[in-house]
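Listed after this line are the structures, all set down as structure tokens.
Consider the two complexes below, in which subunit A is the common component and subunit B and subunit C are the respective partners.
Right after this comes the complex of A and B.
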């Protein structure tokens, strides 16, 4: 986490001029505050009633307040207080948080129970409210400010560090040290604490902004340093009644707090952001401002002489310039077709581009990938001009998809019946009044009990969930089924049953199937024809029996030789 | 559902008892004698504790419930609270419960209006940010939430008063002068928590959109509306609700600050006024009230959470 943080930060600063500017500004401000006695010779508490409420000038860069005190001097000296309190509070909070968190996580049992309850109770208060109450009971002043902030901030850290400790304590090397009889303090100090330094630093960074906000809020409420000593929150409070005549009294400390908190939050935001760079599903134009124009191509003709799916010289490249692989070619002029009632097996090792090809058949190619050459035809229609809305009418209706991992393929918060039913509701293939009957029928066809309709995905096993996915794919009686490694995530006996189900349903519905797998035995069991893909190129193609019996290419022969139990070679199709 | 609600309710009551212990102990672990501190505020500034009579101190200690062994003190104090007696304000000599009750509607109005502002900002901004991730709408929504999280609400409040009340004269600046008075305080408090919620919602929705089940939903040919509202938004709201105590804590803590900025007739301002006079019973009563409100809000969130996430439903069925 610490590595990622520093790496992200370094890269971000290079790419991110705004961050660099922010860092420079806040660095300058902090430096000015630290060097306040050198920078300005003005006493921040010296009153001069002859110079009250003067606007900013060369003598008083930020004007004067209602006691004639120099706002710039007060800002710098006040910043020393604010930042010092924040620094002390961070050290105390981290100290208590680390000790309590590690103790609770490492020792467990009664220690964990007692500390855990203490943490729970303190977290049952809104943080700032408890801080205000503590500071109020202690009567204000800088000590009570530090105590109040520390008292309310440590429980959240202790809780997170407890979880980290639990994780680290179960690592092999810590277990080994325990077994070797290493003293507890050395395990905690050496192994556990060293591993926690990274997370601790990141946590401190993430929360620094909130800490500074809380400190200035308490000062604003009069619970910080006693007047006339300056502090940013307190200065803002002194100035707000005079906002109309002397806005600089409010704007100067307000902007100072804002700048410091903003930069803390800005870098915390970068450190925290790990969601970027993943493929996001759905249309790119989520908000369709104009109604999509009438779709030109679909629905597809039911009976056509053309193959259901035809790739001609298909080329796919990484086109996103932000991707480290930009410019890399994933598919090199691939040709492949699937006819009616035909099962084509697409074989390839991982990274060969076979899943990319499968997604292409659904119009689900996503950035950073894009189709850069060749044509994809569905039932003879060129799909090049199809937009998301055109594809939408084809997906789930004429082309069904069965994916690799059934555990993550179903929405966790919707029932099975809802998820199968909506596939029918999205298309006109099944008339509305026939849908309940069709739902019962399809559930039965994939071999699931009728009661499964009202259940949620987490109540089903992996094999059952894959049957649900198959039901969703065939409920509208499509002509083409794309099966992308549909059995890879299942155990061996379930694999075979799912495989047989897909083959039987294929025959029953007269489906054309594009069956993608890295497993030759699986392909041998279902496919009429095979296409062997390697590094984005078709290596060999032909009838399954012929290719398996007499492989022509060296690569294919190597693949065949790698099948476990090869000495009984000719029986491959029997596996 | 009932079993789950019951279990959460028991946990909430346990947390409430925990908070009474904390509030009780706080007054007793602070350095110095509270009674002496209170009496000193009533004397001239600069007077020393030597000028206080022992009898006065003892009398006040008794009134604050500070005499006798700790467990007995706690049980007596707790007994009074359970009977609805939060004590008497040292300044006004009125029962605290009545004084609080008169100000609770003010705080609840402010909190509800701020939650409304939060939802009105955070839902569209968070959703738009995630749907347009990496594009200009997203950059704008992230920049705004960064600003919202970093701008201290007391600074924002003062700026809004200056702009809308003093300069444009559209809205009243202080106190309660009709329903329009709530606009500025609610904007001040609502925008801050909206920023946090926007960030949480954006990250969570983005995470949901990259899940394989979204690919499968799209492969079924579902419409945009169904994909977003039926498939993406509901699972995405679950982590946001998990983190909601952060937001609710910010709401209640911020309410104290915002009530002070706008002289708003609520419990927060009542409490801040009590500080100068060292009105310890009021500070205790306020802390208990805020903790109770916080625990109650979190309880409501727990119930909502369960309605959204079927995975918890089963766990409950199995265990209870």
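Right after this comes the complex of A and C.
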């Protein structure tokens, strides 16, 4: 973990020069503050009324303030206080927040109730008022400043981290650790806290700026660092009234706070990504979408003689240089076509490239993958020149998608009617006044009762949810349906019914279906033709019955032999 | 060994499990079959102590698993492999640390060489390469992750392994090799299995006895051959009918399982991580 973190962090900083520059600037600033007595011999509190409000010069690099004090010296000495107090406060705030948040989230019950109420009470008071009260009770000085700030800042973090803990506590590895008999403290440290490190880092850095400003507010009220001792927030306040005649008084501490907060946030992002094992991929190249179109927009012909979907020598590579698999070929010149009323079964194991192929047909290929050769045709049209918006008009209208997990495909806060309505509203295929009727019709087509329209996804069973996803995919009467492992998450009975539904819909409405699965039994149930994909290459193709009756390739035979249920456990005589 | 008597559990006012009783004997492989929502996983969670039953007793030997003390005593003996191998492994831990977790609890401190030897032995039991120790879960294929979950469960030295849909997340060919591995492990004196699944084909391949569950109740129970070939209950018959048939003719599988060649579709040690 630590090794990987430092390795990733080093790589991230080399890739991202801005991060390295910001980090270097802050490092320099912190170093200057630490070495303040060496760097400048000027006493930051020495007043000299003869040199009031002098602009920056060789004698006073950042000018002087209204007491004639050197702003540079005050900035460096002030930074020692500001940064030290903020750092200590962040550690205390996050420490309490993490402990309370994890305890409330993991143990639940009475612990959660008591801590939750405490947090509620503390959050009910305005933060600053509470801090002033605490600081006033404790008297002035830096210790009371830290205590006051920490005391009011932790509840918000405890609450956020409690929510994250609830999520992590339900992960399989935490459940597994409980059954392994791992002691609670080790589960909390090794599993829960370790996986909260991302949010913890980001929250801590986000709050650094707030804390510096809170320190200044308390200092301003005379409850923190007492004047004339320098402190960044206090310097901002002193300079505020004189901003027009002596802007340097505000600019110097302002820039220092800005630099620290900006760098902390920027660094937090890089650090968080570095704790992840996988490379984090940003969204695809937005600029590429705005390139001028090479071909006119592609409204597809309603009835064409060409196949609905045709892949010709399609090659897909990992092209992102940041990916450790850069240069790996995912698809090697794959050819495949789907005609009207035809169901083509695409069989392959994990990593065979079958889902990559399905995504290509939807224009959803994402970094680090890219189409590097061959053509993808929809109803005979070459899609190479299509841009985001062209694909958007095709998806859900001419091509529908049903994927594996019906729960994650549905929005939990929308009713079924609203979700299907959304699919219609995205396209003009169904005129607005016909939409209510089409909604009722499509719900019936997928075999759901009409009452389902007003219900939410969590109220439905897995099979019903998958029917809703199918309804969304076919509501605009697409010509082509892509089904990517649509029954893998379902039990045998539901699986059979969903397969029959897809087959019947295909025959009844003349849909072309590309059905992706690793299960030969499933493919045999729905597909007219099969294409067997292995490591990005088509190894065998033909009519379903023919391929299974006389498999030509050894790989096909191996896949057939792997189906469970062909061999029996010998029965033990006496149990 | 494991005995469940009159187990009941309600969630949000509906009965997930109703008055379920069964036993698992030492060395036995018992299948627990039912549709989604029939209460299979709830029974598993009650056995594992992740859920407190509303009524009934779950005993393991002399230990009462419903009480905290009883669970503590039996914790080591009952281990679990969940359906989704990816979420069952801490993404921030290496394979070495994942496998060491139960060893730290149950074996305690030991010399580095002894620990490594133990880890190698565990990986060997699930036919994983020892080169994987320094890897992270996302660098392994799903099949490798599931084997790792089995190895972690075995590290405690359990006498009962609860397998909660251990094959559902895997490809058919990976399933076949996983089944072969589980069978070999059992043949080599490994733990009893309580195998939760909705796939009768898997039950036929590995189980001795099967319990059929419907709406939280056990509707049929008996030896695999009897229940699968001569089902007496309508629910069992419906489930069997819904199971998809083999898409081709096979010769009746009369040969002993140990001779059944498991197709090695790809090198077992080569990872196939998604990019």
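Basically, the second predicted complex is superposed on the first by the 351 of 575 C-alpha atoms of A that agree within 3 Å, B and C clash if a C-alpha of one lies under 4 Å from a C-alpha of the other, contacts with A are read in each partner's own complex, and residues count from 1 in each chain.
Here is the rule we use: contacts are C-beta pairs under 8 Å (C-beta built on N, C-alpha and C of every residue); 3 or more make two chains touch, one makes a residue touch a chain.
On a predicted model such as this, the values are computed, not experimentally measured, just so you know.
Once chain A of one complex is fitted onto chain A of the other, the partner contacts of A:120 are limited to subunit B, with no touch recorded for subunit C.
Residue contacts after overlaying the shared chain place A:138 against subunit B, while subunit C stays out of touching range. In the superposition on chain A, A:195 makes contact with subunit C only, while subunit B stays out of contact range.
Judged by the touch definition given at the top, the superposed model places A:182 against subunit C, while subunit B stays out of reach. Judged by the touch definition given at the top, the superposed model places A:414 against subunit B, while subunit C stays out of reach.
With both structures placed on the common chain, the touch criterion links A:469 to subunit B but leaves subunit C unconnected. The intersection of subunit A residues touching subunit B with those touching subunit C, taken from the two complexes, comprises 275-276, 278.
Of all residues in subunit C, only 25, 27-29, 35-37, 48-50, 72, 75-76, 78-80, 82, 84, 87-94, 101-102, 104-106, 136-139, 141-143, 149, 152-153, 155-156, 167-168, 171-177, 179, 183, 198-202, 204-209, 223-225, 238-239, 242-248, 250, 253, 255-257, 260-263, 265-266, 272, 274-275 touch subunit A in the complex they form.
Subunit A contributes residues 117, 120-134, 136-140, 209, 213, 216-217, 220-223, 233, 236-237, 240, 243-244, 247, 250, 254, 257-258, 261-262, 264-266, 269, 273, 275-276, 278-283, 286-288, 362, 364, 392-397, 400-401, 403, 405, 408-414, 422-423, 426-427, 456, 458-459, 469, 472-473 to its touches with subunit B in the complex. By the touch rule above, subunit A contacts subunit C in their complex via residues 1, 4, 171-173, 175-183, 186, 190-191, 194-195, 197, 275-278, 318, 323-325, 328, 330, 349-351, 368-369, 461-463, 488, 490-496, 499, 518-525, 544, 548-549, 555, 558-572, 575. Chain contact summary for the complex, subunit B toward subunit A: residues 15-16, 18-19, 21-23, 26-27, 30-31, 34, 37, 128, 131-134, 142, 146-147, 149-155, 158-159, 161-162, 166, 199, 203, 206-207, 209-224, 226-228, 230-232, 234-235, 238, 245, 248-254, 256-257, 260-261, 271-272, 274-276, 278, 280, 283-284, 286-287, 290-291, 294-295, 308-311, 314.
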